[in-house]
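Take a look at these structures.
Next, two complexes with chain A in common: one pairs it with chain B, the other with chain C.
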Partner chain A sequence: MGFLAPVCLAFAVFYLYPAIRGAWYSLTDWNLLSEPTFVGLDNYATLVSDPLFWNALKVTGYYVVLTIALQIVGGLGLAALLHRLTRSLLIRSLLLVPWLVPSVTTALLWMWLLDANLGFFNHVLRGVGLDNQGFLTSPDLALPSVAVINAWSGVGYTALLLYAGMLLIPPQIYEAAAIDGTGEVRQFFSITMPLLRPILAFVLVVSLIGSFQLFDTIAVTTKGGPVNATRVVYFYIYEQAFTHFKMGYASALALSLVLILGVLTFIQLRLLRASTSDLT
Partner chain B sequence: MNLSKIGRLVAWLCLIAALVISLFPLYWMLRTAITPGRELAADNAGLLPGNPTLFNFERVLGLATREEARAAGGSGADLNFFLYLRNSILYTGLITVVQTLMCAMAGYAFARLRFRGRDTLFGLFVAALIVPPIFTLLPNFVLVKDLGWLNTLPGLVAPTLLMTPFAVFFLRQFFLGIPREVEQAALIDGAGAWTIFWRVVLPMTKGPLLTLALTTAVWTWNDYLWPLLVAPGEESRVLTAALGIFLKQSPNTAPDWTGLMAGSALSVIPVLLLVAFFGRRLVDSIQFSGMKG
Partner chain C sequence: MMKKLFMAVTAVVLTASCGGGGASDGGASGEGKTTLTYALWDDVQQGAYQQCADAFQKANPDITIKITQNAWDQYWQSLTTQMVSGDAPDVITMQASFYPQFVKNGQLLDIQPMVTADKVDLTQYWPGLAESWVKDGKRYGLPKDWDTMAIIYNVKQAKEAGVDLTDLTWNPKDGGTFEDALAKLTVDTAGKRGDEPGFDKTKIAVYGYAPELNDGSLGQNSWGNLAVSNGFSYIDKNPFGTKYFYDDPKLVETAAWFKTIADKGYTPSYDKTSSLGTDAVLTSGKAALGVTGSWMIKTYLEATEQEFAFAPLPAGPLGRKSSFNGLADVIYAGTEHKDAAWKWVKFLGSTDCQNIVADNAVVFPAITSATERVLAAHEKAGREVQLFVDQAKAENGTFLLPVSDHADEINQIMGTAFDEIWLGQKDAKTSLTAANQQVNSLLAGG
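The block that comes next holds the complex of A and B.
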């Protein structure tokens, strides 16, 4: 039993115990200073009629769809290129560099690249005769910009995961297809994609859970603004807890997020039949 | 030139474009960091600055006087870089080593040992995988605060020092994939589970474990929210939190971009060292999760 003792102790103290405490907080009114007062389901009643909560969910959903689409499409494309062109470790390491850059640094760096006045991207826009854009200050562009930032940071990682999955596909299948005169594009859609499904499912689930936790980029660049255009649910919870000191309400929001993610993951795994492979 | 050769050429161009997109932002960071602060408003478009300088690094590291720094467009704030670097290394090093070891033990137990309630317990860990960290972060913050551990190393490392559900899950999958023969030989020789783990399994899997530890190290190094909440104080501040705070000290209307980019560039150096020394292992560790997915 010695094998499990430390891990179980930590799990009890830092996962189970806080989970129970969090559920309890969600039934209280508490500003972190006084004693919590029990208020029953009041926080949940507030939550249901809180337009900012629904806005946060909507904004998060929009972001999740954008960033996952960018990362999966980009990652698949990159992985396919790597798979068909080269085994170079250097190229793979270089593609991974953005993922290794701390997210705070990434956010700072892109804030500068996207700066409304002096940013590099606005130089490019002006160079081709277009107007300056406030990428992070315009309500329409801010969220897509954040999605692009995080796609930049994550696409190399996604590509490596998918590339590893492609390496598992027996080369004979491609050889047979090539002999039959099947083109590269057709091979990608009729061989690679179907056989990649378990890994695609894994990547989808991991990026979905990860994208719902968007915080660092928002905290550094837009702080939820302009207006509420980037006030994603993770940042909203953080603000409720540590800016407005509404610990009870923040806990109710967090527990709701747990439930939402649980349901979404369950549906995803069901739809994608993640645990079965077409290879075996 | 036939069609497939053109196809390959186009494919290579796409791959090169992807490399440029990946790396150009980092080049631009460096380019900005070596531009004199006062000249950035006029000199921010060319591939190289007119008068490259290292002064931004000096002032960010606190090697210049406040007056000199302000004259160069800074807020006068500096980064106590080496202190934060030390804190980041302590935070990352401690968690990586202890967590990997403890989770390897647990992963091994889940993969190999039979005991009552094993699958229930493991199921609980898997369920915890999808719980967004903010849910436990709020009470954990309260716990650390109540213990009086705010702005201390113990407070910073406590929640993840011994385990994360992900690490246990990952290492269990890893041990499931190792052939049992070697252990069985030792078992026949009368060795106990403990001896087998330390003497046979760990030495045999040192390489892959290091590979997995690297992923933990990267995550911990990049962690922002938790260190910002529990250890914002100067003495216990880690690099990521320091960068966030450095940005807040920079004037909102005219951010000190050259200083910010110099600070950012400094924060990337450890990452580049990691790639230089462990590139293959890092790539392997991610590909390993792709194959296990």
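The block that comes next holds the complex of A and C.
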């Protein structure tokens, strides 16, 4: 117990105390500079009828689905290649490079690359005779572009986690399957996927929470626009708190997000039976 | 009860976590020596104000000025958090649309008593600037500079198009000679200009105009100037009006005109507009013309990629109208050195300091007599900027940007409403009428 004390203290000071404070502020009207005044559940009532909150949830949901699909599919593919084709340390390290670049740098780089008038990608598009696209400025393309940017930056990390999971699968199973004449594709779907389930569940939960927390890419590239098309829930909370200084309302939004994430995680873990493995 | 318990818990945690610290040193060091902090956002201006600080320190050896600089985006956030912790800079550079929220929360010092006691001559400033900083008989700032707007254009491209930009006209019906010039300046990839037969508006090499349409509730760099020249006025009373007129047909037709020139291909369509800013598009040569403010003089005229020059804004049905905007120096209400802070603000607003700023030729100082010095400094460097001053001096040539409560929320509501117009999701009348109702109900709510 004594060994845990430093961690417990840090947890209490940096997580528990702010969380309790946040819960209290969500019941107040507070603009940072004034004294918080207790307003009961008013903030939550506002939240339920706030079209921008529901829009933010919808936009976030869309983003989460897009980016997780891209990351898991891409990550699985890369991990399988690493596992079955090459075990090169160099390639494994290279995969992690995008993930190591600070996210604001990544966002700035992509903002230049994808710019509607000056970007490299549009230069290429025009070069082959196509129309240029407003990757980050058109309401239809902005969010998918952000999803691609973040999938690009995170896929190497996901792949590495999944690769580590694949190493846990006993090689005898693959040998047995090969003797029975099973091809690589069948092996992937019948051996790798089922035995990878606990790791997959872990990756899914972590990236789900991670993608709900999307903020920096939006803050750098689109700032929630055009017309709310990328106003994800974290960015909306941030705007309420630090642009409009509605701390009480922002706290209420944040707590609702905690609730949503908790429920989603619980459902996921349940569905994927993450604490048991098919190996035993 | 609940709150008391909560406070007790937090008090315990707080003392545990920060060891009872938090007593501010107030910046005092040594005996009788005072250190004042002064907050700025423009790094280009920091040098000029450092020279002011040096001069001030020479005259007041017991006061030291420490200048802190934060970029525009971070400036307002760090200011607010510093105020929350009771540790904001003693003297703060302030923008007119931001100060009402600080006044509302009692964070700025009323300097009227000091202005009266020291008999500061408020007529030495450009007319209109000092009055923006008065609310309910209290004065919160002394003016430091002003800006007006103009057209910035690519000299080579204008010459090739054979257009004369020195005296353009504009109206929302056919766009006047301004739209004619934009048509000529727009070139498609086959080399055809916007007014020539066979012009392909889907394949543009150089746009006539890169408008800054993502321009919030003020439209300072885009629709605002033209709308006012068309008879639009933002608000019933400025500063601190209570009713906005964003549903005015004069604004509606101006916004609609901006949409039509995008549809004609003279400006990039909004969903394909660079997010890197007008100056990036102009310096790359992808557009021939833009609208900008006098604070950008050096950025454009010292650019090496293209040769730029300024031209007056187009004259609308009511003549040529430019926004006239000014900054001021204000004192933080929580300062521990009220007298020293006032001394510094008074110096910043005096001829002595504003002449130093003028000689640096970065902005136009608020004091009328310093204007000639800026012009002289620019002329010496070969920069032609007289038109900004002419516009400021012209009778009825300028208007003040609206100042009211809820500026940040209004900015977001109107920004979104204009986005919808530019994207063609709603027509100008529907979008602006709905947004105006939202804005006015905010103001009615107090």
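Things to note:
We adopt the following convention: the second predicted complex is superposed on the first by the 278 of 280 C-alpha atoms of A that agree within 3 Å, B and C clash if a C-alpha of one lies under 4 Å from a C-alpha of the other, contacts with A are read in each partner's own complex, and residues count from 1 in each chain.
Here is the rule we use: a contact is a pair of C-beta atoms (placed from the backbone, for glycine too) under 8 Å apart; a residue touches a chain by one contact, two chains touch by 3 or more.
Computed from a predicted structure; not experimentally measured.
Taking chain A as the reference, the larger set of touched residues comes from B, when chain B and chain C are compared.
In the overlay built on the shared chain, the residue A:L85 is in contact with chain B alone; chain C does not reach it. Of the two partner chains placed by superposition, chain B and chain C are both touched by A:L32. Once chain A of one complex is fitted onto chain A of the other, the partner contacts of A:L118 extend to both chain B and chain C.
When the two structures are aligned on the shared chain, A:Q133 is found in touch with chain C, with no touch to chain B. In the superposition on chain A, A:G225 makes contact with chain C only, not with chain B.
Contacts of A:R21 after superposition: both chain B and chain C are touched.
In the superposed model, A:L261 lies in contact with chain B only, and not with chain C. Contacts of A:F242 after superposition: both chain B and chain C are touched.
Residues common to the contacts of chain A with chain B and with chain C across the two structures: 17, 21, 32, 111-112, 115, 118, 242. Taken together, the chain C residues at the contact with chain A in this complex read 3, 6, 9-10, 13, 16-17, 77, 80-81, 83-84, 101-102, 105-107, 202, 210, 214, 268-276, 280-281, 284, 286-287, 408-409, 412, 415-416, 419-420, 423, 425. By the touch criterion stated above, chain A contacts chain B in their complex at residues 1-4, 6-11, 14-15, 17-19, 21-22, 25, 32, 77-78, 81-82, 84-86, 89-105, 108-113, 115, 118, 120, 123, 152, 156-157, 160-165, 167-168, 184, 198-199, 201-203, 209, 212-213, 215-216, 219-220, 234, 237-238, 241-242, 247, 250-251, 254-255, 257-258, 261-262, 265. By the touch criterion given at the top, residues 12-13, 17, 20-21, 24, 31-34, 38, 111-112, 115-118, 131-134, 136-139, 221-222, 225-228, 239, 242-245 of chain A touch chain C in their complex. On chain B, the positions that touch chain A within their shared complex are 7-8, 11-12, 14-15, 18-19, 21-23, 25-26, 28-29, 32, 40-41, 44-45, 102-103, 105-106, 108-109, 113, 115, 121, 124-125, 128, 130-136, 138-140, 142-143, 158-163, 165, 168, 193-194, 197, 218, 221-222, 224-225, 229, 239-240, 243-244, 247, 255, 257, 260-261, 263-264, 267-268, 271-272, 274-275, 279-280, 282-283, 286-291, 293.
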